[in-house]
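Chain lettering (A, B, C and D) follows the sequence in which the chains are written, and residue indices restart at 1 in each chain.
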Amino acid sequence: MGAPLAERLARAGLSVTAWNRTQAKAEALAPAGVKVAAEPHDLAGLDVVFTMVADSADLISVTERLLGDPAQAPKFLVDCSTVSAEASAEVRTRAASRGTAFLAAPVSGNGRVVRAGLLSLVVSGPRETFDELEPLLAMLGRHVSYVGEGELSRLAKICHNLLLGVVTQSLAEITVLAEKAGMPRAAFLDFINNSVMGSMFTRYKSPAFVRLDLTPTFTPVLLRKDFDLGMTAAREIGVPMPVVASAREPVQAAVAQGRTEEDFAVLLELQAAAAGYQIMPEDVPVDDGLGEPGEGPRRPAGDGT
Amino acid sequence: MGAPLAERLARAGLSVTAWNRTQAKAEALAPAGVKVAAEPHDLAGLDVVFTMVADSADLISVTERLLGDPAQAPKFLVDCSTVSAEASAEVRTRAASRGTAFLAAPVSGNGRVVRAGLLSLVVSGPRETFDELEPLLAMLGRHVSYVGEGELSRLAKICHNLLLGVVTQSLAEITVLAEKAGMPRAAFLDFINNSVMGSMFTRYKSPAFVRLDLTPTFTPVLLRKDFDLGMTAAREIGVPMPVVASAREPVQAAVAQGRTEEDFAVLLELQAAAAGYQIMPEDVPVDDGLGEPGEGPRRPAGDGT
Amino acid sequence: MGAPLAERLARAGLSVTAWNRTQAKAEALAPAGVKVAAEPHDLAGLDVVFTMVADSADLISVTERLLGDPAQAPKFLVDCSTVSAEASAEVRTRAASRGTAFLAAPVSGNGRVVRAGLLSLVVSGPRETFDELEPLLAMLGRHVSYVGEGELSRLAKICHNLLLGVVTQSLAEITVLAEKAGMPRAAFLDFINNSVMGSMFTRYKSPAFVRLDLTPTFTPVLLRKDFDLGMTAAREIGVPMPVVASAREPVQAAVAQGRTEEDFAVLLELQAAAAGYQIMPEDVPVDDGLGEPGEGPRRPAGDGT
Amino acid sequence: MGAPLAERLARAGLSVTAWNRTQAKAEALAPAGVKVAAEPHDLAGLDVVFTMVADSADLISVTERLLGDPAQAPKFLVDCSTVSAEASAEVRTRAASRGTAFLAAPVSGNGRVVRAGLLSLVVSGPRETFDELEPLLAMLGRHVSYVGEGELSRLAKICHNLLLGVVTQSLAEITVLAEKAGMPRAAFLDFINNSVMGSMFTRYKSPAFVRLDLTPTFTPVLLRKDFDLGMTAAREIGVPMPVVASAREPVQAAVAQGRTEEDFAVLLELQAAAAGYQIMPEDVPVDDGLGEPGEGPRRPAGDGT
């Protein structure tokens, strides 16, 4: 997902250099004017370095390599990954020891959302760093929110994913109710998506709900992990979460039943089974709301929720 | 809420005649070119009659007066209210006895949503009637969904309101979590509203969440009623609703504690209390996403959720 | 279930006359010294009349026949059935018009519990009537509780059944957890039954849980009805019921999946399926705690929970 | 809680030696014929050593001291504490290295339950060790259940505490419902306790529920810890726990509201508040079912749930 972000910045006229573990992925950005680095450390002399990695361990590892040389470090480091607050704090400390200011800036959206120009970011870290980088961050998508010091944005992203889990399960419940009563799923979701309750998420999840295409974009295992991060945060901070807690259990059931490699839209199928209803794919075109030209009936396996 | 709809049609160049129990309300539409009827029955000779009333009893009563004369009845009757499937079926039968085709067409949105041109409708009834009236319905807002025969759209609207209740309570849970951890509510909601999880609803509910303005637009009593209609439908149709059921109970608590006359955004305040957190109004400007010019800091008491 | 109660009173030396729709059932009590009436009205001249019927409609019908003659009515009427508060109040009014004092006295336990001498009763009605009849009520089982005026005991019985539903579902959850981790069900339930959490109910339900004998004693449909009576009472009285509400949905799922004619112990099987676990009968002897001599490995289909 | 257990064994005629961190506590057992050891290691030469400690860390520490000398170790070690499976496995390994067979044998009940002779134990470890020690274990209370190899009994105890938490919260829900409808709490609980749903637990918890005596026997913090151990086990083993998950959140609310030092019966008070009901102590005698002579109106702060 770093690729479309780098491309956006390059196309906007900035000088961009990219590094990826798989060098070919970085090289694929050349047509957009992106240069390729051989090593994370090669980026250390730049003004601003963005990281977008798969998990906390990767962030630790990449930033160690980036900041390995005390004599050379970027002025700013911005991480857009979804990682733990602990890993984020560790990177902040290491960055500080190099004189590098750090922003934690996880995103809402997947690669297709980036390409549609609709990504949003939630940022935490020093206010003055945010103020200085805001124009640059704004170029990544359509909206940037600053929520405070330190690693608060990590919790904001977890909260976002709790809402995503709750909405998915409750959407499964009402969709099965509507369909078992006689409505085509596509028609019902067309209404919801265009109602005041519709969101970018409900729209881009609709093709999977309608066609029962469970090619994974985000799995029940990953969603359960986010639920558990959220429940742990709620315990530490001291907040009861009655609805979130209830939405976690169907996800746990999906995992327990071995539906671990499918998209978390499998919640719809399990909800139908719980209602004694044999759900079937509907073979109709569904607008995913991201408006890309030439979209075929199947989304490619993606990078995110 | 019928007023802004009538106005839209009139401003689009159609010939519109309005009747309201309080005649002054109908007369207020004169500047938009709307004529005023003295009696529901005066509308009976028109091609299409729309009804927008407060509840099932009013729909029964108004359509009895509209269809009182067997010699004169409109060709089409379209009800945009939120009423029970039973009342809707009763009106359909009466309309049929007069040769009037009936569409059940409840809406998603409130008066401000109508004026912003963002209303959506969910429609059920005879397919050919829908096809004939679709261009007219499309003039009422930005989207029209057809979900099937009979009163199915009534259930679709209930499902919509179940999602609304679930989202409100889970938004309360994550907002209290985010705030107790240190985020300003306005900043956190700014992120959610602009994320893939943001909806027209989360945006226009944000001013109440941020400023704790509990001027009612929709009360816990009404929301509980919709939850109960939904749970009753789920029992009849045979669908377990684990998350919906869990979201109902905080609403029940609000009612039990006598918070019956306040906006259902009171769920945020009760959630904060459950977390032992003293929530306070934040006196900052909040975008409600409906983009009306000259919007002041307080929304007027509205008509809907 | 009236039969073992009548037998207890007769064996205690009281003069007992019985009426049953199926006369053979009443006649079967003759060895215990019970006389048989041909008509409900034949009981009208006695001091105390007990009713034990299947539902509200039967109670209304039987008491109409019992109290049909204004010239002749029992001094006391005691209903031990599980019926609605509305039906109970109606019978109270009719009884009062005949000068008959009425006690609502639903019971906890089934026929086997009665025979083991372990029945308990919860009673409401005029305090002085209760005081006068208490010695007689005490002969029916091992405990009598008086909870107040009017029909309060009906709600007490519903509350009892809500607890029964919650305990059954949570027992299903922890039993599947224990078994999937490696414990034999019989061993785990032996511990629970003998722990401080064990109840007469957990003990007499254990044979069904261990052997997966789903011969109905009480069905998911009836349990859901009690849940709904409880949720309706909670709405009227104003009490949120978070755990009760969550326990209702698996029962709803059982009904939705067509498991309507089996014992409500089917909740265990559905919980195992939700956990992706293939549960199998364990063919071992299980103590049901009711200690009847000569109990074979299978309980007969019973009368109650 | 080790004290009444040691006393039982000594009074049964066995030779018992006790050690306690606070020597005076061990010495208080002298009248029952219990000898006192100065050091855990002084017990190493005995046949069977029982441990009953507060938590995992204490078990590790005490068994390290007991098994410190490779030349001297008991034949059997039986731990009756509630500790983690991890700590239990660690002790098992250390014991094995000394040739000591280990049984994990947590208990259900508190000190008063022990004195009433009503304790039950759930045991795991080598089957032959269990068979050899069963007569001794049976002397500790009224029932011993063997659930399998290794540390399975630890999970059994956690499952027991999950049920305890669910029953407490659902008892709070139905008790508030019954009381708000007009029943005295003492009367309602008298019915439940004597019904088929009554357990030793519901009975000995009733004085706290009736008199609102929140002197801690077990706190919301400890109960939440057990819920979290249970939810973690359920995740690892793969079982959804819808009702258990919903019962955890009111406990979390109690902790969040700072009700951390009170008895977990505070759930009743919080449930009443959620229902907008001002609950008051009822100053009536309540049978706790443990039948000790001379029981005064207040239970002493105890040791367990």
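By definition in this document, a contact is a pair of C-beta atoms (placed from the backbone, for glycine too) under 8 Å apart; a residue touches a chain by one contact, two chains touch by 3 or more.
Here the structure is a predicted model, which means the values were calculated and not measured.
By the touching criterion, once chain A is set aside and every other chain stays in place, the chains still form one piece. Of the two chain pairs examined here, A-D and C-D, the one linked by more C-beta pairs in contact is C-D. Put simply, the C-alpha centre of chain A and that of chain D have 44 angstrom between them. With each centre defined as the average position of its C-alpha atoms, the distance from chain C to chain D rounds to 32 Å. Counting partners per residue, chain C has 234, 238-242, 245-246, 249-250, 253, 256, 274-277 as the residues that reach two or more other chains. Interchain contacts join each chain to each other chain, per the touch definition above.
Interface of chain B with chain C (complex): residues 224, 228, 234-235, 238-242, 245-246, 248-250, 252-253, 255-256. By the touch criterion stated above, chain A contacts chain B in their complex at residues 108-109, 113, 118, 120, 122, 142-143, 145-149, 152, 155-156, 159-160, 162-164, 166-167, 169-171, 173-178, 180-184, 187-188, 190-192, 194-202, 204, 230, 233-234, 237-247, 249-250, 274-277, 305. By the touch criterion given at the top, residues 242, 246, 253, 256-258, 274-277 of chain B touch chain D in their complex.
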